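Here is the structure we will look at.
As written, the chains take the letters A, B, C and D, and residue 1 is the first residue of each chain.
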Amino acid sequence: MTQSSAAPLLMVRDVSKSFGPVAAVQGVSLPLYAGEAHALLGENGAGKSTLVKILAGVHGADSGELLMDGEPVVFKGPAASRAAGISVIYQEPMLFADLSVAENIFMGRQPLGVGRRIDRAAMNREATEVFTRLGVQLDPERAARGLSVADQQIVEIAKALSFNARVLVMDEPTAALTTVEVGRLFEVIQTLRDQGAAVLFITHRLEEAFASCQRVTIMRDGRSIRTAPIEDVTIDDIIRSMVGRDLDTLFPKTATEPGEVVLDVEHLCRGGVFDDISFQVRRGEIVALAGLVGAGRSEVARAVFGIDRRTSGTVRVHGAELPNGKPLAAMNAGVALVPEDRRQQGLVMEMSIDQNVALASLGRLRRFGLIRRSSERELATTWAGRLQLKFSRMGNTVSTLSGGNQQKVVLGKWLARNPSLLIIDEPTRGIDVGTKAEVHRLLNGLVADGVAVLMISSELPEVLRMADRVLVLREGRITAEFTRAEADEDSVMRAATGQSPVVAA
Amino acid sequence: MSVITAPAPAPTDRPVSRLESLLRARELGIALAIIVVFGLTTLNNHAFAHAASIQQLLNGAALIALLGVGETLVIVTRNVDLSVGSVVGLSAYIIGDLFKHNHDMSVVLGFVIAIAVGAAIGAINGLVTTVARVPSLVVTLAMLYIVRGFDGVIVNGKTIDPDSIPTAFTAVGYRTLFGIPWLAIIVAVVVAAVGYAMRSFRSSRDLYAIGSNPDAAELAGIPAGRRVFTAFLISGALAGLAGALFLALHAQIDVSGGSGYELTVVAAVVVGGVAIFGGSGTVLGAALGAVLLNTINQALVASKVSSFWNGAIAGGLLLAAIAFDRWLSLRVARSLQSAEGAHRDL
Amino acid sequence: MHTVRTVRRKVTLALAVTLVCTVAACSSSSTTTTNPTAAATATTVKKGLTVYFIPKDTQNPYEVIADQGGQRALQELGGKVVISSGTADTAAAQIPSIQAAIQAHAAAIVIAGNDPSALCPSLNQAAQAGIKIVAFDSDIACASSPSHLFINQANTEKIGTSQIDLLAKEIGSKGEIAILSAAASATNQNAWIGYMKQQLKKYPNMKLVTTVYGNDDPATSLTVLQGLLSAYPNLRGIISPTTVGIATAAQYLSTHKSLLSHLTLTGLGLPSKMKSYVHDGTVKEFELWNPDNLGYLAGYAAAGLASGSASLQAGSKFDAGKLNSYTVLAPSGTTGPSVVLGPPLVFNASNVDKFKF
Amino acid sequence: MTSDMATKTPVTPRRSVVETGKRALWRGVRRWESALVVVLIGALIFGSSERPNFLSPMNFFYTGLNMGEIAIMALPLTLIIMTGEIDLSVASMLGLSGTVMGVLFSNGWPIWLAMAAALVVGALGGTLNGVLVAKVGLPSIAVTIGTLTLFRGIAVILLAPRTITGFPLSLTKIGVVPIQGTQLAYSTAIFLVMAVVAGVVLHATPLGRALVAIGLQPEAAQFAGIRVNRIKIWLYVVSGVVCAFAGILLTLKNSSVSYDAGTGLELNVVAIVLFGGVSIFGGRGTVIGVVLAVAIVGALQQALTQMNVQPEVQNIVIGVLLLISVVIPNSGEAIRRIRDRARRHASTPSPRNSPNA
């Protein structure tokens, strides 16, 4: 915990930015002090990402000003912001798949040799140096295509380091990271702070804010609600100021009595991805697949649903075997999959809300082969109501919704088929605390009604509090199974990272 | 939430870099293909290996190769330029007409004007594409019509006859230096220069970045608009140059000059290993792609196969080429996955 | 160039046409070959006639020249010519022009059909609207109506045989020869090639090794020519019965003079394109008829028909201005009444400069 | 795990990090049809002001005749482009099917059987495209440039240098005369029927919705249980069959076929579909828009021809229309972006301004 020097390194003062009628950011102010990590918290749609893009120079502020070392600065573009010593790490890494890792780090400022030509040797050397500073080993000449999300983050961070950035802005860098990698990230942040950099850290995992930040600013509806040293706030008042009201218990999992087997997976195998996966999910229970990102959890889900073909093994739903690689067959057998990546897989972002809700149920909405718009609208309205969807017009594209509401649309799309097995991958990734609670309550309701739920989550607390049983995957194999009682953070993490004799499943 | 510090992962890259070197050796692959075709043809017809017919191979491929260079720049940025064929026709006719009316116009000036005409059209393509941010495929398709139409209006049934073009100009089309046709030398120089630039300068690396991930390019502060504009500008200029060379080579030009080139060029570029959706590919590969297609055309006639087979074979080859690319990238992906697994191993 | 290109018509049909008119044609036209004196005045022809010229496409240089001939004819006759067609050599592109002619109440249509039959229905309509139909350059073959007059540039057999004879003369009637044609679909090309093969029987020592197709595109023509040369090193002669092909070949040979020692080029070409090659010795002789005269004759025929001073009666004569008078040949086979412009002209260093086309 | 790097889609404004303005574009697209109606009316007024009987049924008949094949091929292409793919092999398939039909017919097959065979070839060709694009996962633009060359090449092998004619008149006349008692060309009627079918399928059926979803976001479509690959393959098969059918119509219209029938039409067809407001990136567009585009282009061509405007001008007009059709819907966003940049350069923060201006 470093003390904050008098003048902030970067001061955001009364900044506003609006898109048409939508005021994304209104009069936000926050100070970033050298050597300090500053957590920026808030629900989705609170305006955090817009603020980040203003700092990054992607958007120009409509009013208000940015002061660096007390001097007002105006960024004409991302380059300007970077030149001023601000570097931004976005939630999804932004790499050039076709270019080498080193070139990704130094794009636009590659070290030059004689005749202003790029000095590749020097470039690779510098890249390696940065990686050593980060304590990782990546081949700088290797193409970025095919890097794991974590390694992509590493490259992004390396990029930021190579700038010797004075201000480092991280927009949910941990969303896709495993605990191990998060740990490494925090060490990096520590290093940067020691070098006198200011860090703005955006996350939905409040624990992380407490673990690594000294100061916190909470945003709601585009406004900065309060800024305070971390030790002056508790999780509860943070949540209160985020959602603007008190929250009933966060993870209200009610115990249920599991019924007969719905999903029965035997010796499921997909070459090079996962191997010999066997498990069952019963009516009225939530089974969680835990493990590190890349351990093959989502891949198992995809194979069960039929998005990917399985190389061997069987998948039975209500005793009937599912054909290989046929999502439609799975759906007709009563399986629903709420995928990991909402924006890419879960929704057609440019389609209207009602059309997205109806997309998986069109078969039932036909008359003489034609879609009945009326019943389509009706279906959508029903589910919007049940899920308390916040929207202005059914005809708007889902891209206009906040992350949480988008997730509700995905859920509505699948619940509209009233499935008997719901596979839900990262149910609450990147959605705000309020909606998180709603989603969890919803899952409870479903299992209570006898739906079988297979849940995949990188958030241990979520897994531990929601799941009746926890299956841990490591390197594509099930390495442990815990009952609700046995499961705790330590045991699950050890099984996931393979740091202990595997508990017999 | 618990924070466990673990040793850093060490990705095992071996299989990757091997396959990547294979990818990089794409040019090598095409070169081999050319040699094979050439060799087989020579076996059943020794005349094919004569200096003369090698010159012919180079001359024949020169124009498409030249256009391929420009097209590569554009395609690498995830765009496409379909107007090149029309540009060739227009620039060739314009300077042809100038020569016709003032016979003692300097040859150099002729080239300069042709390039300028091409550059002008390239600029239009670039401006509309970048300023209005509209798909270049549509823009350049429209320009294909407009330029060809404009060409037709000014040509209006006239032709440029051989005797109205200064021999000093046509000489470029057939003179040789140490047995290498000037045409081929000019194109080779362009390929070498642009190829070198594409590897060694920041601005040209930007082109790859833009094609590889436009959003990231924007965030990296790369002036995408300006770069893409430049790519179209160069593509246009080279098409103009190609027009001049067309006139020099054929000593005649009418309204149909260069029509249909656009698809041939794209085909050559794709055969040359340039990814149609941008981000990767080299001008050398594109040029070699052009040489390969032309070699096959001539090899067919030379080996007394009916020239009727040209089309079918060229088409099949193109399909084979892209299928091969796909197969290769799948291999890379798979080997990466296993590398991935290994990497998680710690 | 494209005269010599893309008449979509069955070869046999073409043969039938020409075999018959041959005999008569030679007699009638022998007297009336180019005689550029005394522009006769056609008293019997009405003034102010509008004649639609519909070439294969508007850019076809050969036909541009022919159309100019037609314009001159109508000027002499105090009428006017409207030239209308598409950019592509397709019947579809010509149909709107026929339509336009009908709506403009033209007196006659002079058409170079891109398709022998596809135009018939629309031409039929024109005929019903009282428009006289004249076909030139490439005939239309309509089953019954409309009746029309075909202006034949020269008879097909003569074009074929004479080129073989020309080449034979130059290479001493022996050695391998090849043909560089236009599009493989060009029916009149194929008809001529058919006669060339017949004529070759007279020259046992000359062997036609292959026919290659340059599609009337300089680039393609050059590629196939180069392939040809490396495929047949002992090639003695090349016939290119298409103006683009022969010009491309001439350009290549004139720049690779070494080849000329053993290789001879001839065919059908435009003097304007060829004269430099004739003078630098690349090409000794080549053939063509006078497209300007072709259009001129067609113009007079159209005007005559429209004014009733000419008829489709076999043997009936009509005035053709500077070309004197022409006799209409009897219908035969699938061809209706026709006249033949005359035998092809042979161009060489002595006369190539005289011609403006 | 790294899908964002694995998949590559052409860069589009709406994919930009700066996400605003895409709805402006969306609305622009939807407004496009009404714009087209205005343009069409304009074209008609323009035509009839130049030519009194421009709106005559006969004129309508010929317009339909001229646009027939292009219009028909445009429909399946519309659906394909809706899914974000493209098919450049349409014109080659048209040529190939005509060739197959002609060759078989000339070898004594009954005409109906020959036609059936042509359709089968269309299906096979389409399957090849579909499998390469959907199953093997190759970029459709590259694949169909390949099959464009391949199909045409096969046609050349089969037919060149011959040209087949002599199809039964009973059939060939449907290519040139209107339907009994109407002024409707058969091809026009067929087009209209197919257009209605295509329109219903695209806009009112689950399949159509699936096409849109695939075009906008293939992965999401797959996760919603839409059989993306199968649908794409079938689209290409349909496209192949329809183009083969168009080839049959063209053959009958010309009552003759050669290997190069319809060469180069592919770009016209693409141009019309795009001018109809279909987004080249998929997911956006309407069949009615494409129908309007066909009507506009047809009317303009007819008008310009009858005014005896140089046909090249028509190319320029098409090109300009095409440019406008993409620039207009995007201009809003462009203007906003320019203003925004200007504002930021004049580094004084100004009051809010709408991104969708």
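The criterion applied here is as follows: contacts are C-beta pairs under 8 Å (C-beta built on N, C-alpha and C of every residue); 3 or more make two chains touch, one makes a residue touch a chain.
Keep in mind that this is a model prediction, so the values were computed, not measured.
With respect to chain D, maximal separation of chain centres occurs for A (centres as means of Cα atoms). Inter-chain centre distance (chain B to chain C, centres taken as mean C-alpha positions): 39 Å. For the pair chain C and chain D, the distance between C-alpha centroids works out to 38 Å.
Each of the following residues of chain A touches two or more other chains: 58, 77, 95, 97, 145-146, 148, 294. Among the residues of chain B, those touching two or more other chains are numbered 152, 156, 213, 215, 218-219, 255, 275, 279, 308, 333. Of all residues in chain C, those that touch two or more other chains are 58-59, 87, 184, 213. Touching chain pairs in this entry, ordered by label, are A-B, A-D, B-C, B-D, C-D. Within the complex, the chain A residues that touch chain B are 56-58, 77-80, 82, 88, 90, 94-99, 103, 107-110, 112, 116-118, 134-139, 141-143, 145-146, 148, 150-151, 179-180, 182-184, 186-187, 205, 207-208, 211, 272-273, 292, 294-295, 459-461, 475-476, 489-490, 493, 497, 499. Residues of chain B touching chain A in their complex: 1-6, 8-11, 13, 16-17, 20, 199-202, 205-206, 208-209, 211-213, 215-222, 275, 279-280, 332-334, 336-341, 343-345.
For chain B in complex with chain C, the touching residues are 45, 47-48, 50, 52-53, 56, 59-60, 63, 152, 155-159, 161-163, 170, 173-174, 246, 249-257, 294, 297-304, 307-308. Residues of chain D touching chain C in their complex: 51, 53, 58-59, 62, 65-66, 156, 159-163, 165-166, 169, 172-173, 175-177, 253-256, 258-260, 264, 301-302, 305-306, 308, 310-312, 314-315.
The touching residues of chain D, counted against chain A in their complex, run 1-6, 14, 17-20, 22-23, 26, 200, 204-206, 209-210, 212-213, 216-217, 219-227, 283, 340-341, 343-345, 347, 349-356.
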